[in-house]
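Have a look at this one before I ask anything.
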Amino acid sequence: MSAPIDIFVHSHALCESEQVGPGTRIWAFAHVMNGAVVGRDCNIGDHAFLEGGARLGDRVTIKNQVMVWDGVEIGDDVFVGPGACFTNDLFPRSQRMPLPAVADRYRQRQGWMALTRVENGASLGARCVILAGATIGAYAIVAAGAVVTDDVPPHALFAGVPAKRLGWVCRCGLRLTRVQTAVWRCPQCGETFHEGPAGLVIADT
Amino acid sequence: MSAPIDIFVHSHALCESEQVGPGTRIWAFAHVMNGAVVGRDCNIGDHAFLEGGARLGDRVTIKNQVMVWDGVEIGDDVFVGPGACFTNDLFPRSQRMPLPAVADRYRQRQGWMALTRVENGASLGARCVILAGATIGAYAIVAAGAVVTDDVPPHALFAGVPAKRLGWVCRCGLRLTRVQTAVWRCPQCGETFHEGPAGLVIADT
Amino acid sequence: MSAPIDIFVHSHALCESEQVGPGTRIWAFAHVMNGAVVGRDCNIGDHAFLEGGARLGDRVTIKNQVMVWDGVEIGDDVFVGPGACFTNDLFPRSQRMPLPAVADRYRQRQGWMALTRVENGASLGARCVILAGATIGAYAIVAAGAVVTDDVPPHALFAGVPAKRLGWVCRCGLRLTRVQTAVWRCPQCGETFHEGPAGLVIADT
């Protein structure tokens, strides 16, 4: 097997993974651990951290200071804004705690590490936090500073602490306007969506 | 032209800008990119990041992990608390997304990158987020953890998600108390302000 | 005096403190300043920052990007989640500000730097912010993204901006359920607590 080609690792970065796709760039003071899987043509910003077990698709933008842990899977074309943070345990305790009963019970729970998934094309805003176990739907947008405690449907715009739905967004990023009952349209690109029980679906036009 | 003098760059920092004023100190694991403009006597904390196009005045305190992007302009004597984060796009998408229509529309919008300005003497609290396009007025204080979605008037104290005005603050940092209709005073230093339609103005005393 | 033994400092970390206990590990791009006191068997994650004057007990987990300042004291067995941030000044101003009156008044106040304490066994969630002067009680849990503006009683679960009490938690990390007036029990480990005026106390069983 030949050496990985076409991967840029900044002289001040640390990349220990051998599963990074071609065209991906890793910037200063970022750390990609052994066992992290990164697709092709991704961009990993300064001071970002990808733990072993983290999985990224293709063409993902990871802005500065993002932290992605074991148990987090990110699809293709996702934008993860600066300082966005995932989690993988809802009730963490210091694993070094000596009380035998407490530590044992805690480690028992560890077997149920909650998995988090971000679907294709979604965007996560600056310094948002995603609680373990949530799924962020395709092309959804999580606003800056939001704390996501539950699933976010495709094309939804979520904001606040805890995050609630403020509206719907287009693939191009802009908010949709309702043009009639259960029909939404993008004011910029004209893409049209039907609203069903599972959220928005692009209309055949 | 002589080499820059009186600039301290920590051995573990990375400074690529040639537009850093004398007396400024840049600490460990911080990254000042080429094209960032930094005034004199600033302090840039550990793990901070200044992108090309970011502009800082004189005597600015940038605490650890602050991120300042292209399109952000910071005045003189500003305090930017630890982990405070700016943004420069309200509806971001991964620029690597291949769908031609989506990518084209997104790049069209990029021409409207929203500019952010922090006026002289303002303070931004720990881990606050400033949404693109906001102006933070002189001597205003943004509380820790706040998400600023709109302009903040001079001397205002803003807090919460989204941030709202909680009161007014003095140049010295303390909250003002109302002494009569439209007149506010600092309980520590006695500075007096008149409240007008554009916010507070220091009274001639 | 012999060299410190059994301390692991990653080749990309920076440890300037000579007061780090045996068994402690310090990971990539973390910075432990001279004068920081760290107990034994701690784990200091990537990009974390411990300022001179910060004090940590034994078996503390400091996840990535945590910032601990002078004036913050952390007990034993504490979990500090990724990106959690302390503060030590409630109304900060840039210390470089030249206005003599303002700077003088500000520095006067500096003598009243507010101290923060985290008691044994507590957990702080991802990207939470602890305002200066707060005490976090033993085994309390602060939720991800919370902004703590006041004291948190032992075993309390606090969440939101500003943080409020949502319930009570066991030493093992799970939420307690009320089994009768002023009596709470853990559904996982059965530990029982009495609720008194100062919060929860473990029952003798």
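Labels for the chains are A, B and C, by order of writing; each one numbers its residues from 1.
The rule is short, and it goes like this: contacts are C-beta pairs under 8 Å (C-beta built on N, C-alpha and C of every residue); 3 or more make two chains touch, one makes a residue touch a chain.
The structure presented is a predicted model; accordingly, all values stated were derived computationally and were not measured.
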When the Cα trace of chain A is superposed on that of chain B, what is the rotation angle, expressed as a multiple of 5 degrees? 120
Between chain A and chain C, two touching copies, which fits better, same or different residues at the interface, with half of the numbers shared as the threshold? different
Taking each chain's mean CA coordinate, chain A and chain C are separated, in whole Å, by 26
Touching two or more other chains - residues of chain B: 29, 47, 65, 83, 127, 145, 161
Chain B to chain C touching residues, read off their complex: 12, 28-29, 41-43, 46-47, 59-61, 64-65, 77-79, 81-83, 121, 123, 125-127, 141, 143-146, 159-161, 169, 171-175, 188-189
Contact residues on chain A for chain C in the complex? 14, 29, 31, 47, 49, 65, 67, 83, 85-87, 91-99, 101-102, 105-106, 109, 127, 129, 131, 145, 147, 161-162
